[in-house]
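One structure, pasted below without further comment.
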Amino acid sequence: MIHPVDTILSLVLLSVLFSLGTSHLTGLIRFVAFQGVVVSIVPFFIGHEMTGGGLLFTMVTLWIRGVVIPLSIYLVIKRVAIRREVEPIIGYHASLFAGLVLIVAASVVSYKLNVPLIMKSALLIPTAITILVTGMFLLMARRNAIAMVLGYIMMENGIYLVGTTFSTRAHHIVEFGILLDVLAGVMVMAIILQNIKQKFDVVDTAVLRTLKE
Amino acid sequence: MKPIYIWCLAMLLAPFFSAIIIKVKAFFGGRKGSPFLINYYTLIKLFKKGSVYSTSTTIIFKLGPIISLSSAATALMFLPIAGIAPVFSFNGDVLFVLYLLGLGRFFTIAAAMDTASPFEGMGAAREAYFPIICEATMFMVLILFYKLTGELSLASYFSGNNPAILWNSAGSTMLFVVIALFIVLLTENSRVPVDDPATHLELTMIHEVMVLDHSGPDFGFIELASFCKLFFYSTIVSRLLFPLFFPFETLNPALEICSLICVYVAAGVTESVMARYRMDKVPKFILTSFALASFATVIIMEFIK
Amino acid sequence: MIEILMLAPFLTGIMAFFLPRSSGRALLVLTGAFHLGLSVLIWIKRPVALFPDYFAVTPEGLLSLLVISLLFFLIAIYSTGYLKAAKIKSEHIFTGSMLIFLATMTMVTMSDHIMVMWIAIEATTLASAPLIYTHRTKASLEATWKYVLICSVGIAMALLGSVLITLAMDIGKVDAPVSFSALTSVAKQLDPTWLKAGFVFIFVGYGTKMGLAPMHTWLPDAHSEAPSPASALLSGVLLNCAYLGIFKTNKIMHAAGLGDFSGTILIVFGLISIIAAATFILKQTEYKRMLAYSSVENMGIIAFGTGIGGIGAFGAIICLIHHSLIKSSLFLTSGNILLGYGSGLIEKTGRLAKLMPKSFVAFFGGFAGISGFPPFGIFIGELFIIVGAFRTGHFFVAGIFILSLCVIFAGFANQVMKISFHDTTAEEIKITEKASMVWPQYALLLTSIVLCFWLPDSLYQTIIDAVATIGGGY
Amino acid sequence: MNLFFLSLLIIFAGGLFAPLIRRQFFMMKIFSVFTIVAGCILGLVDAGSKLISPGEYVASFKYLKSFSLSFQIDGLSAFFLVTIFAISLLASIYSFHYMDKTDKALRTATNYLFFSLLIVSMALVVASKGMITFMLSWEIMSLSSFFLVIFNYEAIENRRAGYLYFVFSHVGAMFIFAGFGVAYAHTGSLGFGQMVSLPDTFKLIVFILFFIGFGSKAGVFPFHVWLPHAHPAAPSHISAVMSGVMIKVGIYGIIRMYVLLNYHSPVIGGIVLAAGCISGVLGVVYALGQHDLKRLLAYHSVENIGIILIGTGIGMIGVSSGNVPMAILGFSGGLLHVLNHAIFKSLLFMGAGMVLKKTGTRTIDILGGLIKKMKITGTTFLIGSLAISGLPPFNGFVSEFLIYIGGFKGVGLDRMTFAMSLIAIISLAVIGGLALACFTKVVGVVFQGEPRSAAAENVDEQGFSMLAPMLVLAGFCLIIGVYPKFFILMAMKGVSSLGLGYEWIQFEPIVRMTGNITRAAALFFAVVLFVLIIRALAYRGKSITRSGTWGCGFTQPTVKMQYTGSSYAASIIDFFRPFAPVHEDHPPIRGRMPRRKTHYHSHVNDIAELHQHNVIVRPVLFFFDKLRWMQHGDIHLYIGYILLAVIVVLFFV
């Protein structure tokens, strides 16, 4: 039987593929925001006992992951007004292909892992791993600093999904702390992005290679 | 008291023996040669004279002859001449004697360096160089002798019947030792083919060039010292060549004199038939002695388990 | 009490953003003094936290806390002089970030919950990022960018690791608080496979922050671009904080009987770090980068010692304390050199012994200390680590360890000789050596000397307690 | 023990307060010198009494709660302590006039600080019993001597020397660390006592590690590379202490560890002996090739360390082959040579210091004729030269004599021992000859002849505090050489406390032997006296005239025509060519009537230095150069490293 969550998760997988293939930053932000929203509401479906606090927490997470973080990056893009396209290290088509391989690999790995799941959702773990690794992939494959930040956010989303999937121990205060950290981290990165734009006039990380041996 | 008499006798006779070499060389040269007492005449002449000292020299220049004569004379005190017990002997005296001769050499060289003369410096450098290999040979021989006798004194090697015992236990390898020691004799006393005492070119001298500036009684001391030194080595070689020892004592000095004459003649013949080596070939020649001594030692080592 | 310790610098930090320069500096020193006093009080009293699930006073935490407090106080004193000479534009941001940085680090030392620890460590990254960007140059911006991104990615790994440890609890059907102390006591029941996986992620994650090679890449950039008081703080205590995370997880591993696994990882990465440090120290051209790589080296030594266990772990803790004291002193002195010569390049310096004698004493003393010469404490720590390594049969790695230390010393000494004695093109020194800019270093070095010969009972007991669970101690 | 620590405290106080009162330069020097001297005298008395009546002098302090800093002074320690305190005492007196640059007050004060620290740490090393104590003192010794080496850091070669020394001493210390580590691995104890219980193979490994570690401090070939650089760089009284005493602490380490390990394999004796022979011969060959007076003396330290090691090696072989006289003679000869070398080498360095101070140069070939103006320096230097060449009746001969006799004892034993004894004896003989050549060169070129440059003219010798120590040391050279009984007994006390079961040894035969040396020397003196009398008679009433040196017909000799030290040594060095490659710098002369001046410069390369660079330094640099790629500045790959680390380690889960 196909769990309702799986339907959404398959959409997420699709968005991952798109985010690997897109060259538009705004598009990438949209996909990331979508993933953030899904990641936030998944716990809602998978059998966590929903208390009032839990509900509130889910709402906050949704708000931050789905809206605040993408929005702040979006504002940065608007502020720095990128005109020129930055060539990625690994091209979009190759990335897309890599994404496909990744999804397959993630399914295989999650099948092997044999984790006692809280509920029967076939796609949960593959999706989590895929988002996580795609985030890292973007961090390594994109020269555009903004894309890298988005990769980081994606990675965080993946870890959050892993966390909610794996563990039943919902200490909302703790998770809220983590969320706050992520938010602050993204904010700091956004500030740095703006500064990079000011100092270098591009957000290409190729210029950030002066400190070396 | 007998050892001291013998020592005095040796000191007195040493110049005489040196004259034999001159005589032999003259014979080979077809000349009549100077008389056998020539060295005594020279010494007397020198002792009658005064001295001229270079303005460059210091007290060390005067110390040179004194120390070299003293060390050579002292060395003779440890040597059993004619197989008769020496003036003083103790276990390890060989080391003392060899290093004492080294002391004499040090001062001869220092006295030469004192004159600021380039020629004397040249001679000094050679005097410092060649005996290093001789010393190695001497110690190799010592090791061999120690292996045979278990003693470390000249008396235990050369007094009485001991040389015969050495021959007995070592056999014919002893010949190598004798040849090695003869080479050392030639080197240490600046004889042909290492050095030519009669040459006229200062650039090729060793010993003679070092004493150019000495004069008068000082030079006499130096001459006497070199006679003593030659006598020292010759006695060693002669004792090994003629390891006989008679129980009745009067014969022994006579035998010693004969054998010494043989050694001196041999040295003279060598000088007459050989040419002086080029300076850079000399180390090879001396190394031969070291090789012979080592060879002898190794062979003995195989004999005596 | 513990909570005050965390909150006070946080609040004063926020205050500092709005204060004028002079009062900001005073606030820095005052907060430092207050923090130090309170830390000593906690040291004596050992109070219980308000939220025992999240915070606890542990021996290793206390040790780090005391080091942090002492260092911060002395660095604050130094900063007053440094800020006057350096003329930083946005000084209030610097002061405020320093204080918030202190607050986050205090939180790291006090946190007992795995996730809270993560939160605190990530917070240190964010709080210290503005410090690195203080000078507002292109290079410092690049360093900040790398620092934030690499550390964030690395620490994200640690978060994943923490999640995996909770998974190990779930699978092992353990019901306990997710705190280090609780987990250590029930470690045997945890699922070993997931625990190991969790350790790997946590190790790599916090190892990134700690500066273990090959994840150390941000460290030389950040340390060399930050103003010296901040570098001193980064190198002296931030690395310790990250180490604390690894140390506590390692404790769980030991309690679970997986000490060999974690120990091997620690040893291998320790060695890689030392070799990496050797690589870059040998031909280093900038002295602050050299000091940064020296930190990589020392973190490698500490990881190595921890992995060795036994007397080696005891040595590692001693190295940890003394490295903080000495390295921060070195970084502070490097600030003097930078201000004095106006360049971070070694070739632009020289003749330090003559031109800045007071700084020279501190600098050379620090160098001798960091290289393991007595009477500084790293000597005794390295001695214990080496003999410990042999004791546990790690002959081969001990050999590599020793040889790498030799190479590092050769490189380090070469550079230090250049700075101290070689001829220089500098005509004059741009600053005067004020008391406030040398005495903190002297105090740090002196502390190291004293601690090399005399450990207070309670300090000794704390160290022994800290290493007891990983088979440490004498 | 209290007296011992008190003396160290006094010495240290002498240095510690020097920087505080540096503004009164003269007062500071008086204070420091007097305090250090007082401390040294106290220490000397204490160590002397402990040497005369050896016993268990132990002290222990608690260290870091569960460890201890323990000290013990037995006969061996006391012997080295006597040497340390005696030479330091004289060196500090010497420094009073030597350090007279008022404008370098701070540096002089620092010099006293580290000088006192060096004395204290050397004494502590020798007295320590336990790994922590030992390493602690050892490293402080290295550190303080490093500062003394770079005293004149303005000169680039001194900085290089300091660096080399620093690296060598640290690497050496690391080897000692490793040795202790291996020992600790098996005993689990940081004390010295349990090292006996190691298995044999480990004993060998440990000993080799120690030998490298201590050897690099002692200057054993090929770990001596730092030594000829460091000794010339340091001020002369420091060179005297470093060369006279500090490198002996390395010897102490070797002997002490040998005793502690109590492992009597012929292999160990063989290693020590072989290292000794190589150091001895090559040390003196390189010394011959030097142009720098202090560097030459430094190479002679390598040589003498070689002699000491030959003695020790013979002792060890004696122990392993069960030949007690050989063992005792070897060890006591080695120990006595430690004292002797300390005496004549510090004497020579002090003399060289006087030359350096008055002429401003250490280059041998531009000096000359100094003895005319510097009578005391010249004479004492001559005595030192005779002593270091091992000539009777000076002290160098006595110790070499003992070693020789010990070596000859081995000739009668089995084949292996025979071979080793043979090598030892021949090496000693060659070393003796070469040393003689080298010192006739030094004395001849530096002190005799005519001044070769303006620097060597118009010199004088002043400074009572510099002359007195040289006279005292020269006196001791002669006293030990003529009347060695007391000093040999001292060395025997040291040997008997080695714990080799030789406490019962009879000193009788050895004393008889020393009596023979005394008598032989007396005989020699009698002959000298006799010759002197004859000479006086021969010269009575004779005219003595003075004129220029006979130039073999050349009438206008110049001082530049004198034989130089380089040419003096050239042919000997040529003999050892593969081991002593000569580098010549000599641009060819062009044209029939050459206009341009040419020059000639020769330099004898130290093969250890040469190959250490080619075999160790270059490959290491190459390897690490390749690794430098790692830090390329690209953040993407940096993140990749993290991922890589995770993935690789996950494979092992």
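Note that the chains take the letters A, B, C and D in the order they are written out, and that residue 1 is the start of every chain.
What we mean here is this: contacts are C-beta pairs under 8 Å (C-beta built on N, C-alpha and C of every residue); 3 or more make two chains touch, one makes a residue touch a chain.
Just so you know, these numbers come straight off a predicted model, no measurement behind them.
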Farthest chain relative to subunit C (centres taken as mean CA coordinates): B
Nearest-to-centre chain - CA centroid comparison: D
Inter-centroid spacing, subunit D versus subunit B (mean Cα positions, whole Å): 36
Whole-Å gap between the CA centroids of subunit A and subunit D: 69
Whole-Å separation of chain centres (CA-atom averages), subunit B against subunit C: 77
Subunit C and subunit D, separation of their C-alpha mean positions in angstrom: 43
Residues of subunit A engaged with two or more neighbouring chains: 136, 139, 148, 205, 208, 210-211, 213
Per-residue multi-chain contacts in subunit B, two or more chains: none
For subunit C, residues contacting two or more additional chains: 145-146, 149, 153, 220, 280
Parts of subunit D lying in touch with subunit B, wherever the complex brings them together: 368-369, 371-372, 382, 386, 389-392, 397, 401, 404-405, 408, 411-412, 415, 418, 421-422, 425-426, 428-430, 432-434, 436-437, 439-441, 443-445, 448-450, 513, 516-517, 519-520, 523-524, 527-528, 530-532, 535, 538-539, 542-552, 557, 559, 561-563, 567-572, 575
Subunit D-touching residues of subunit C, taken from the complex the two chains share: 145-146, 149-150, 153-154, 157, 193, 196-197, 200-201, 203-204, 207-208, 214-215, 217-218, 220, 261, 265, 269, 275-276, 278-280, 282-283, 353, 357, 368, 371-375, 379-380, 382-383, 386-387, 389-391, 393, 395, 398-399, 402, 405-407, 409-410, 413-414, 417, 420-423, 453, 455, 457, 460, 474
Touch list for subunit A against partner subunit D, complex: 89, 136, 139-141, 143, 148, 205, 208-213
In the complex with subunit A, residue positions of subunit C that touch it: 54, 113, 115-116, 118-119, 122-123, 125-126, 129, 133, 138-139, 141-146, 148-149, 152-153, 156, 159-160, 163-164, 166-167, 169-171, 178, 220-221, 224-225, 280
Contact set on subunit A toward subunit C in their complex: 115-116, 132, 136, 139, 145, 148-149, 152, 155-156, 159, 162-163, 166-169, 171, 174-175, 177-178, 180-181, 184-185, 188-189, 192, 195-196, 199-200, 205, 208, 210-211, 213
